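Below is one structure; the comments refer to it alone.
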Amino acid sequence: MPFGKASSGVAPGAFLPCSNCRKTIFAAEFEANLRVCPYCGHHHRLTWQQRVDVVFDEGSFVELDTDLRSGDPLHFPDYAEKHAQAMQRTKMRDSVVSGRATLMGMPVSTAISDFHFMGGSMGSVAGEKITRAIERGAHEGIPAIVFCASGGARMQEGLLSLMQMAKTTAAVEACRSAGVPYIAVFTDPTMAGVLASYASIADVIVSEPRALIGFAGARVSKQAQVSKVPDDFQTAEFLLSHGMLDKIIERKNLRTNLASLCRLLGGHLAAVEATRG
Amino acid sequence: MPFGKASSGVAPGAFLPCSNCRKTIFAAEFEANLRVCPYCGHHHRLTWQQRVDVVFDEGSFVELDTDLRSGDPLHFPDYAEKHAQAMQRTKMRDSVVSGRATLMGMPVSTAISDFHFMGGSMGSVAGEKITRAIERGAHEGIPAIVFCASGGARMQEGLLSLMQMAKTTAAVEACRSAGVPYIAVFTDPTMAGVLASYASIADVIVSEPRALIGFAGARVSKQAQVSKVPDDFQTAEFLLSHGMLDKIIERKNLRTNLASLCRLLGGHLAAVEATRG
Amino acid sequence: MAKSWKDWEKPVLELDETIRKLQAIVDKETDPERKTELSERVQDYMRRRDAYLETRYSRLGPWEKVLIARAETRPYTLDYINALCEDFVELEGDRRFAADHAIVGGPALMDGRRVMVVGHQKGRNIQERSYRNFGMAKPEGYRKAIRLFEMAERFRMPVITFVDTPAADPGVESESRGISEAIAAAMLSMFELTVPTVSTVIGEGGSGGAIGIAVANHVMMQEHAVYSVIPPEGCAAILWRAAEKGAQAAAALQLTSDSALKFGLVEEVLPEPFGGAHRDPLEAAQTVGRAIMASLERQDKLSGAELKAERAARFRRMGAYAESAVAAVLAES
Amino acid sequence: MAKSWKDWEKPVLELDETIRKLQAIVDKETDPERKTELSERVQDYMRRRDAYLETRYSRLGPWEKVLIARAETRPYTLDYINALCEDFVELEGDRRFAADHAIVGGPALMDGRRVMVVGHQKGRNIQERSYRNFGMAKPEGYRKAIRLFEMAERFRMPVITFVDTPAADPGVESESRGISEAIAAAMLSMFELTVPTVSTVIGEGGSGGAIGIAVANHVMMQEHAVYSVIPPEGCAAILWRAAEKGAQAAAALQLTSDSALKFGLVEEVLPEPFGGAHRDPLEAAQTVGRAIMASLERQDKLSGAELKAERAARFRRMGAYAESAVAAVLAES
């Protein structure tokens, strides 16, 4: 089983091929390198827990909104089973984990999508958690940082999932009105309904290198197009050159770069003002 | 002397060629047709007085700011002479005439550029008149309508002319803050420093057909470009298709269309509120 | 699985034609007796047609509603604007890149009120469809909408939107110019408004492309309109690798107006004329117009801050989930 | 007419080289007497060089200032940012069309203060120049600037801009995407700010491309910078159909810092180090930094509304005209 395909169950002494360049590497070295291939630089997907470890101060993350449970409002074919399987496999309750943490000492509110749970798709629970994480930033005056990893809206919850796009956008509006920094980090992949809502309207948007980012599945875009599709279409690099991103940041620099941004945008001040007000 | 080259001195019984299609037409018919060629539809340039006649309610225009006189702050070579000649030839004091009028009964504030005065260029006096016209709209709560016909900033007043771009923009900001409609009408030509300031940030921008509109002289743009230049480059039609204009309006419909816009945007209400406040 | 609304409408269209011809004969007939007899036949045909329509339209399935929502005879945004507005000045510019003809908009006078109207626009024939890009807006369409929303805010005009799009344009160009950002920014812009807002889904409410201009205080769907997170064919392609199972997916997605109402995602379902909006566009428009005006009247009583808060709260409560420690334990046991 | 600042700087550059070589010899010399003698020669060369520079730079004509303002060794925006800011995160996106490298910007820490820095950026070598489009920004550059201005407003950060552009990009693409609108909108955006603003012309203040990001409460020019309504060559081409008469046009346009100060169009002229900013970029940066901080300190005492009003009033009073009925009669008689 190549790296980047699963998140656990590999003995640290094992060595396995990179799913991108196929070169073989020790599991321990891979983990030490934050799951970035030392040969090809490919940033393999992280679980939410690994993301927490990479970015936040050790032991500072406190999960919130843990009692939220998904329903099956449409009794959509196979949804209940798929959801139960995903819960069992990932030990998560839905595709997003939200909470508080500190980033180089600064308190922040965060929501982290995990692609391993039903492709990180956004249904009612994911939408609610993201909304609360951004609102928490607005209300407490601490920067909100969201980590995106999602195929888009969860179709099994139908129109309810589409409405999560608007709901999360309302939270962003609240954060803007409060003058609190809101930062989005795009990771592989950030697609469709997630990209077309809270993700794309952050004050600052950064991405990990070579992440897949797009509105439509590449198949759909290419079908719809007579003209030539660029080689780097729907990659972070493509988006950067088209003005949609502010910066591409390697995983190892994410922590310090995000801390810089929070400090420069006054994330440390907003909390003080929120307590005052 | 073809039509569109001069604004007066032609006997009504005369007939002359259209400067665009070269077809011959009676002066009286030409004037009756608002100086639009009945053959090719070319909208020939108007003097400010003709513009007033075409758009506003008969006899409603009252000129203001008539005491403003240009200086020659840089003692720029030949400027004083050129300016004096233009004054003599056009009977204007500078390239812009400003004032109040009514448009199908609605009071409006207006500034009209006249290309016949030094190419409609914007120096200190033109900038001041445009600024006052827009400010008057803001303060009195009546729509501000500017008619553009200019080659750009007047280089003979140096940096002072460049600053008119910022000054007129400040007036637009005042109009926006006041919630008063501000409409720009582009006529042939609307260029450079005028286009890149108050003209392009109107709430609504309309243009006469086939007007020349651009930032750089076509010569400069084409020099700077390796790729192919579109046939309709820098025409009103080009700008419309590129999202820079809201509508192209034939001269004969300008009056009713502008009145519609003023009414729909609440121009008739703003005045009432301004008196209240 | 029907491919077009005409599949079941054919008998009706044929009856319509027969009635039309017969009526022409009636009109010319001079013999009073014969005239009466023929008239009765016309009446009879009409009764039969209406009976068919009544039965048929009262039991339309989700997929059939999809087909009706897509019908090329269904009234489009500009039809509603023309029917409901005394004055309308279309403003084309996005001030950024291009005029997008898949979204139209501008200030208008509706029932004597100044309003800002914005809506997706489809085309009826081949040229029109291409000109309107099949009602699929590009980033510039949404950016034009934002400009108009901001203008409405500045001049204190209610915002009225009409939703009717299969989806936002998914092409390479749209991606290059940030279709996702444009949709998200359009929603954000609507959340910022302090003027009344009403959105009506008049045909296809196609996922992100639809919600981009549907963030209103009051959202309505016409009886036979559909509103969906994904086109049913796309859903079927993903789930069952079979786009032709669209009807099945349409049922699973519950994309009809009654479902949306049931889940509290729209405030109101607007009844359509007998046999669908396309059989009587004027009546359809009047129903829509009355509902818009009624909502504006209600919203007029709220302050700008209240309107903004109500709109945010409206979307804030959407979602189907449980939250309690007990539910959590139960779900995991 | 000189074509480059090197035309008169050549003797200086040669002397620099001689001094450098001689100093290397001095450093290695072990004989104390010989070392002293050589040292004195170095000192003598330096005195002569400085005397030349002093005379030369105290009587630079307008055209020579144009050439210095364009010098490829002159410090650019990023040089000032690097010298003056402890932390700077460049943000590239315009969220519309493209990343424009002719304008750079982002939040930074300057003298311990959070500020938003935006400036034109030129390149030094051929690749850099092409990457930076010669410092000529396209619409996306100005739209990125607007985004950063709005962010500064949201997070209460002063806006610091550096102006250094021959002109906005005049190509067909820029026209297509609305370069005029972008410049005007950038000015409008600066007028809307309620945070302190400082702009410094550090090289070429080239017409619309410059003023687009120079709408500040406090505008400064470096001693040898130029600020003009039109490039002198363009002016000469229009007036005398001879672009090569740039020097003549430069004089007529009065595009130097002392003229701008005289006409009240800038608040402050910042002295440059001996022989120009390029001879001591660090000292030049420190002078700029101190002036920025002094202005921010003054502006800190004003409220947001006062800052906005002051900025509007600053530009409102610009212009040279007479106004009185008497003047009118006299002018016409």
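Chains: A, B, C and D, in written order; residue numbering restarts at 1 for each.
Following the convention adopted for this analysis, a residue touches a chain if its C-beta (ideal position, glycine included) is under 8 Å from a C-beta of that chain, and two chains touch if they have at least 3 such contacts.
Every value quoted in this text rests on a predicted model; they were computed, and no experiment measured them.
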{"item": "Chain pair with more C-beta contacts, A-D versus A-C", "value": "A-C"}
{"item": "Whole-Å separation of chain centres (CA-atom averages), chain A against chain B", "value": "52"}
{"item": "Distance from the mean Cα position of chain C to that of chain A, given in whole angstrom", "value": "33"}
{"item": "Chain A and chain D: spacing of chain centres that average the CA atoms, whole Å", "value": "41"}
{"item": "Chain D, residues touching no fewer than two other chains", "value": "95-97, 177-178, 181, 185"}
{"item": "Junction residues of chain A, two or more chains touched", "value": "176, 200, 242-244"}
{"item": "Chain contact graph, described as a line, ring, star, complete graph or other shape", "value": "other"}
{"item": "Those chain pairs that satisfy the touch definition", "value": "A-C, A-D, B-C, B-D, C-D"}
{"item": "Touching residues (chain side chain C, partner chain D) in the complex", "value": "95-97, 139, 143, 177-178, 181, 185"}
{"item": "Residue ranges of chain A in contact with chain D within the complex", "value": "176, 179, 181, 200, 203-205, 240-247, 257, 260-261, 263-266"}
{"item": "Residue numbers on chain B that touch chain D, as the complex places them", "value": "66-71, 73-74, 76-77, 87, 93, 124-125, 127-128, 131, 153, 155, 157-167, 169-170, 172-174, 176, 192-193, 195-201, 214-216, 220-222, 224-225, 227, 229-230, 233-234, 238, 242-244"}
{"item": "Residues of chain D touching chain A in the complex", "value": "87, 89-100, 106-109, 114, 140, 144, 151, 154-157"}
{"item": "Chain B-facing residues of chain D, complex", "value": "168-181, 183-185, 187-188, 191-192, 207-208, 210-212, 214-215, 227-230, 234-235, 238-239, 252-255, 259-260, 263, 265, 311-312, 315-316, 318-325, 327-328, 331-332"}
